[in-house]
Amino acid sequence: MKKIEAIIKPFKLDDVKDGLSSLGVKGLTITEVKGFGRQRGHKEVYRGAEYQVDFISKIKVEIVLESELVADAVKVIQEKAHTGEIGDGKVFILSVEEVIRIRTGETGKDAI
Amino acid sequence: MKKIEAIIKPFKLDDVKDGLSSLGVKGLTITEVKGFGRQRGHKEVYRGAEYQVDFISKIKVEIVLESELVADAVKVIQEKAHTGEIGDGKVFILSVEEVIRIRTGETGKDAI
Amino acid sequence: MKKIEAIIKPFKLDDVKDGLSSLGVKGLTITEVKGFGRQRGHKEVYRGAEYQVDFISKIKVEIVLESELVADAVKVIQEKAHTGEIGDGKVFILSVEEVIRIRTGETGKDAI
Amino acid sequence: MNTGDTAFVLISAALVMLMTPGLALFYGGMVRNKNVLGTIMHSFILLGIITLEWVLWGYSMSFGPDHGGIIGGLNWFGLNSVGMDPSADYGSTIPHMAFMIFQCMFAILTPALITGAFAERLKFTSFLLFAVLWATLVYNPLCHWVWGVGGWIGSMGALDFAGGTVVHISSGVSALAAALIIGKRLGYGSTAYIPHNLPMTITGAALLWFGWFGFNAGSALACNGLAASAFVVTHIASAVAALSWMFMEWLHRGKPTTLGAASGAVAGLVAITPGSGFVGPMSAIIIGGLGGAICYGGVLLKSRLGYDDSLDVVAIHGLGGTWGALATGLFASTRINPDGANGLFFGNPGQLWIQFVSVIATMVFAFVMTIIILKLIDLVMGLRVTEEEEVKGMDICLHNETGYSY
Amino acid sequence: MNTGDTAFVLISAALVMLMTPGLALFYGGMVRNKNVLGTIMHSFILLGIITLEWVLWGYSMSFGPDHGGIIGGLNWFGLNSVGMDPSADYGSTIPHMAFMIFQCMFAILTPALITGAFAERLKFTSFLLFAVLWATLVYNPLCHWVWGVGGWIGSMGALDFAGGTVVHISSGVSALAAALIIGKRLGYGSTAYIPHNLPMTITGAALLWFGWFGFNAGSALACNGLAASAFVVTHIASAVAALSWMFMEWLHRGKPTTLGAASGAVAGLVAITPGSGFVGPMSAIIIGGLGGAICYGGVLLKSRLGYDDSLDVVAIHGLGGTWGALATGLFASTRINPDGANGLFFGNPGQLWIQFVSVIATMVFAFVMTIIILKLIDLVMGLRVTEEEEVKGMDICLHNETGYSY
Amino acid sequence: MNTGDTAFVLISAALVMLMTPGLALFYGGMVRNKNVLGTIMHSFILLGIITLEWVLWGYSMSFGPDHGGIIGGLNWFGLNSVGMDPSADYGSTIPHMAFMIFQCMFAILTPALITGAFAERLKFTSFLLFAVLWATLVYNPLCHWVWGVGGWIGSMGALDFAGGTVVHISSGVSALAAALIIGKRLGYGSTAYIPHNLPMTITGAALLWFGWFGFNAGSALACNGLAASAFVVTHIASAVAALSWMFMEWLHRGKPTTLGAASGAVAGLVAITPGSGFVGPMSAIIIGGLGGAICYGGVLLKSRLGYDDSLDVVAIHGLGGTWGALATGLFASTRINPDGANGLFFGNPGQLWIQFVSVIATMVFAFVMTIIILKLIDLVMGLRVTEEEEVKGMDICLHNETGYSY
């Protein structure tokens, strides 16, 4: 099993979620994060003083799924989160050793 | 060493934390996340317009610990976070290659 | 490729970020988390009732980078996040199987 | 008719109106995030419900022509014969309408105070029913007893300038009844119910303080020396009680808290309310100072006695109001208000007894009636939300809304 | 000159001033996090712009010596000859200055109401220009027509106590024009525009309610029975409309919402505004009750008709103001105000026709002028922010600020 | 005694009272999340402390029978002989009590203004001590000099209608002294101290603006043409200054900010305060317009000079008050207030000199005294929290509370 961690632009979340749902992804978890990357942050001005704010709001989407589905899921994310502009984000793939569903105690594939 | 990521219902956090403490877990980190899964979200109504909010507040608990402790920890989480109803959450287990304690520079088991 | 997850004190974030930038780290993602560990929480008092709040605000910094850079990055984090007092935090290292840049579709090293 | 008096009473009515949203914020900040709207709604919707009740029958029951000292008649139903001219009995220099609407704001605020006791767990439908019944069966009679021409407590000579019995004791003991009948919140004893937004609570306390000038000084129903005096002692008592609660908590728990200062200010306002038109500034210092300390003690008592009065209505309004009503029997002076009476410390021990009787009568009546009303509602439709709803929160479950969406 | 009347009008002016920041919160809570400051700023900066406009030429255009029933002259430019003595025409017992500043607050609030229609997408420079042009070319003439001595709508005998046409219909139809010209927000139809902070919105509604006492009762320009009556019906209509909207939504959507109660309260205040000095309490119950229901219906209509009036200015102020203006033609009674007229239900069907004409005239004028103004601005400098700015939000892009930094 | 005057002054007192919580929000929104309660508490608790101080000895020292033009006697200790009848000297148509409580609100607000200078780092105990000493040793004498019968600055003929010297210059220069003595916040120069909640700050500014009507117009101590005039110029100056600050920042930094507009509004209110009862509307436009610009400049100066006045008290109150006091010497006109004097532009250059002397005297006295008081406290108990406490924040460390718990 694999875990996909995708850092995306917040306003793309609905599209990504819908895309993954269509693919049959049953669950995912999102977190509000802040990113620092090629995309430059913005200036803020308070009483004449200028501050550079480097961190930009992003959403992290985490999906644990069977290895076979990873390629498709990544493709969907890439399509749905794409604007073509800097800051579109990244997808990271990690390996997951085990999954357990708390409610039922199921493990592995059944638990996803 | 392993990392346990458990997605649980927020009001179960105290029980889970206490359970893990009793087990001898020395540290953990929690994040407010939102989940999408079998558990349906809720409707919100603003000025006569109905919105389906799919994402439900959850807590992600992350614990890095020695491999031998994983089974027990998972058992505790499963017990303490259990309500038997949909949305109880998941436990994911990942492998961790190294741990370093910033204060002392200790690594591996000592750093946990 | 590896993923570094560092749990640090919030007010050390700027130092850590600058340190990593100097090292050539191009991107990172941060999350506001709460930690439970050796560092004791604080008391809160509301209308004469005392509550022990065990969870302390921390920042989780996540950086995906090439394996060769990990050692240096960890060193920088350790230096910059260090106060010498309890609660300085931890660094965890995990293995990442693949990285994709959403904007370009690049993968692997190029995508970081 | 006098334009200055009228202006003062109308603006005072506006100030008292603002106290209800002020209370909504005061309470709303103290509950958990998931219940902020439900809690605010309790106060806010009373602006709707009670206004209608008051205009239709409430004002008439409270101030209409007396029946045996017990209740006003329905002659003034729908504000019939409540007009733009002054009434002989209620503010002879202001339009009768002005007196009516000033009192309307009191009628709204009083049940709103109670809502702190059952925050975070009451069904909304049951709440609406409760509001109407309580206003009709508890507030209106009590109001008539104390302030209506011919009402038995007023006739007895009890002094209650701005509502120690009518507003605070009545809401405080009703809160106790409600806390007992409705029961504790889930997780009581183990969960920490930490206020989710203290700046909101302090803002609410500030609006209460501001509005209370209208509440107390406006109760002079004219803008004269007495109004000024009531204004002054109101401010003093609130100020001193804020200090006194803060120092008590500091001694007891090691730190001076902002919630403590805000709570103390409200406690002081409660304590001075009945005596505001009868006592002088130095008395106000004592009334406020002890008021803050007593109410702080009352809050501690709660956890001893084990009822779950979520936001401490019993301690602040019940106990604070009782202290204030009795203190009026101690500190009242005809030098401040010749139409009033002297208290114990000014040579008239009898007044304390009268105050005592008025307190007990109010307590017994409000407590018993509230229990009856709640039992009845429980029978008909139940009182509490389901456990699941309580866990998820009132906002989503009762109102399909969330307070904050960031 | 009368000190009580003056005190009442000056304090009323202060209350009306507070309505603009109240509106800022009411609106600010309803937009998304990223636009909270931009939305608040729309209202706040009007306190600056319109005050200057009003003092320089606006007051003179509105209330200065009449020219053909259409517009006031510039004789009072820069408050020339607007002094501390009463004016014969506008409040004979209060300083002319007091009348001027009371009216200034109305002139500020009215364009602020419109801003709800184009929240979350207008360029700030275009907004500033719009504000000045709209105040000068729409508000001032309208104000003169209705309230200026010699203005044709007032001379016709139309009744508008506190601004049903001048304030609410004018802002409501201008909002419609703006929504049509400026177009929908990005993601309209697919994105959920969920209010980011409802406690803020409810606080705003409470401040509006509070300030509205000054708005309506202060419009008596004296502190007498009529002021008290206007105060009372204002409160009643707001209360009943809060209930009525809440119950409508409850029936329609299954839950009573706090945003609904707050919106209803505002709808009721709008509906009673034109009639507040002419109708009695029972009429106020009907006006408020139907007002809440009608405005709720109007909100639903919006999604049918498909224009993006972000915060429902059309439904609440346009529709509510229209209902109120017509209702004045139904419920007005000379028993309440001998200087007014009777409405249809009090035997004078002609009044309804007069009201109808005043409504239509206001609508056509405001709608057409607003379209012209906006088209003009669009030509000169454009109206909307770029798509990128809209996605990122007004706060960062237009003001280089963020509302909250936790 | 006059009911209209009394109503106006009492309601004004209530409005001024609201300014202190308004300031708490204005300041509270500008600090970081972790210090919101500590900052709010600074203002809030002054409502407690100073009220007590004022009632006991402050009022007597300020307004009691004069001793050599320097200080009032303690004859009125504990409000002894401050009664319900008018005082001959202070408001001959209102109860003496009303004047006393109106002034009490000024005495509270003034030290609250200073707290912006040392936000986020002062020990709470040291703060309490500072408040009492500053009120007693700085505010009361200054207040006597300017407003007390026989006070030397007032006798000299200096014009200060509502507190340019007493309130704003005194708090502004004391803020400078405090910033210098207490030192910079940790991380000064590298950390970005970004306001954590700007809607809160704007709400605070709005409440300040609202309350300021009471502050300035109420200072007429009667409700007449002068009160109306003071009300009008207050509003104008604030409006214009909001625009002027906003445009200055726009030019300088490229964007118009909401914090700028709010800050400008406050700057304008400060600037008009001393002249509010002496100048006309056109002068108010100039005073406000330059006021906004000057204070904006002052804020920039701060970073040049390198002291850490956290929330810009020096720039806004110190500089703004100075400009206002001098501007009164330029624009005052006996056509507005026959009891005043003409300024330079109305043919009386001497007045500017008198104003200048009053400014310098206030500055020197307040600055020196504040330094002495702070040095003393530093010696006895220290001034600053520990570094660890500063990092963790005031809320947790000093008050054991957190502002928000989501």
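Order of writing sets the labels: A, B, C, D, E and F. Residues in every chain begin at 1.
As a convention for this text, a residue touches a chain if its C-beta (ideal position, glycine included) is under 8 Å from a C-beta of that chain, and two chains touch if they have at least 3 such contacts.
The structure displayed is predicted, hence computed values, not measured ones.
S.K.: Any chance you could check whether A-F or A-E wins on number of contacting C-beta pairs?
M.R.: A-F is joined by more C-beta pairs in contact.
S.K.: Interface overlap for subunit B and subunit C, more than half of numbers shared or less than half: same or different?
M.R.: On the two sides of the subunit C and subunit B interface, the residue numbers are mostly different, under half being shared.
S.K.: For subunit B and subunit E, what's the span in angstrom between their mean Cα positions?
M.R.: Spacing between the chain centres: roughly 51 Å.
S.K.: Can you work out the whole-Å distance between the CA centroids of subunit D and subunit F?
M.R.: The separation of the two C-alpha centroids amounts to 34 Å.
S.K.: Using the touch definition from the top, which residues of subunit C touch two or more other chains?
M.R.: Within subunit C, residues 31-32, 44-46, 53, 94-95 contact more than one other chain.
S.K.: Got the subunit D residues that touch at least 2 other chains?
M.R.: 2-5, 7, 11, 194-195, 197, 253-255, 257, 259, 400-402, 404, 406
S.K.: Pairs of chains that touch, anyone?
M.R.: All touching pairs, sorted by chain label, are A-B, A-C, A-E, A-F, B-C, B-D, B-E, C-D, C-F, D-E, D-F, E-F.
S.K.: Where on subunit C is subunit B touching in the complex?
M.R.: Those in contact with subunit B are residues 2, 6-8, 31-38, 54-55, 58, 60, 74, 77-78, 81-95.
S.K.: Quick one: in the complex, what on subunit E touches subunit D?
M.R.: Checking each residue of subunit E against subunit D gives 2-5, 7-8, 11, 15, 32-33, 194-199, 202-203, 206-207, 209-210, 213-214, 217, 222-229, 231-232, 235-236, 238-240, 242-243, 246, 253-259, 261-262, 264-265, 281-282, 285, 404.
S.K.: So in the complex, the part of subunit E that touches subunit F is made up of which residues?
M.R.: Per the stated touch rule, the residues are 1-7, 10-11, 13-14, 17-18, 20-21, 24-25, 28, 36-37, 40-41, 44-45, 47-49, 51-52, 55, 78-79, 83-85, 94-95, 97-98, 100-101, 104, 124, 197, 200, 398-406.
S.K.: With touch defined as at the start, can you tell me which subunit C residues reach subunit D in the complex?
M.R.: For subunit C paired with subunit D, touching residues are 44-51, 53.
S.K.: For subunit D, which residues count as touching subunit B in their complex?
M.R.: My answer: residues 187, 190-191, 391-392, 396, 400-402.
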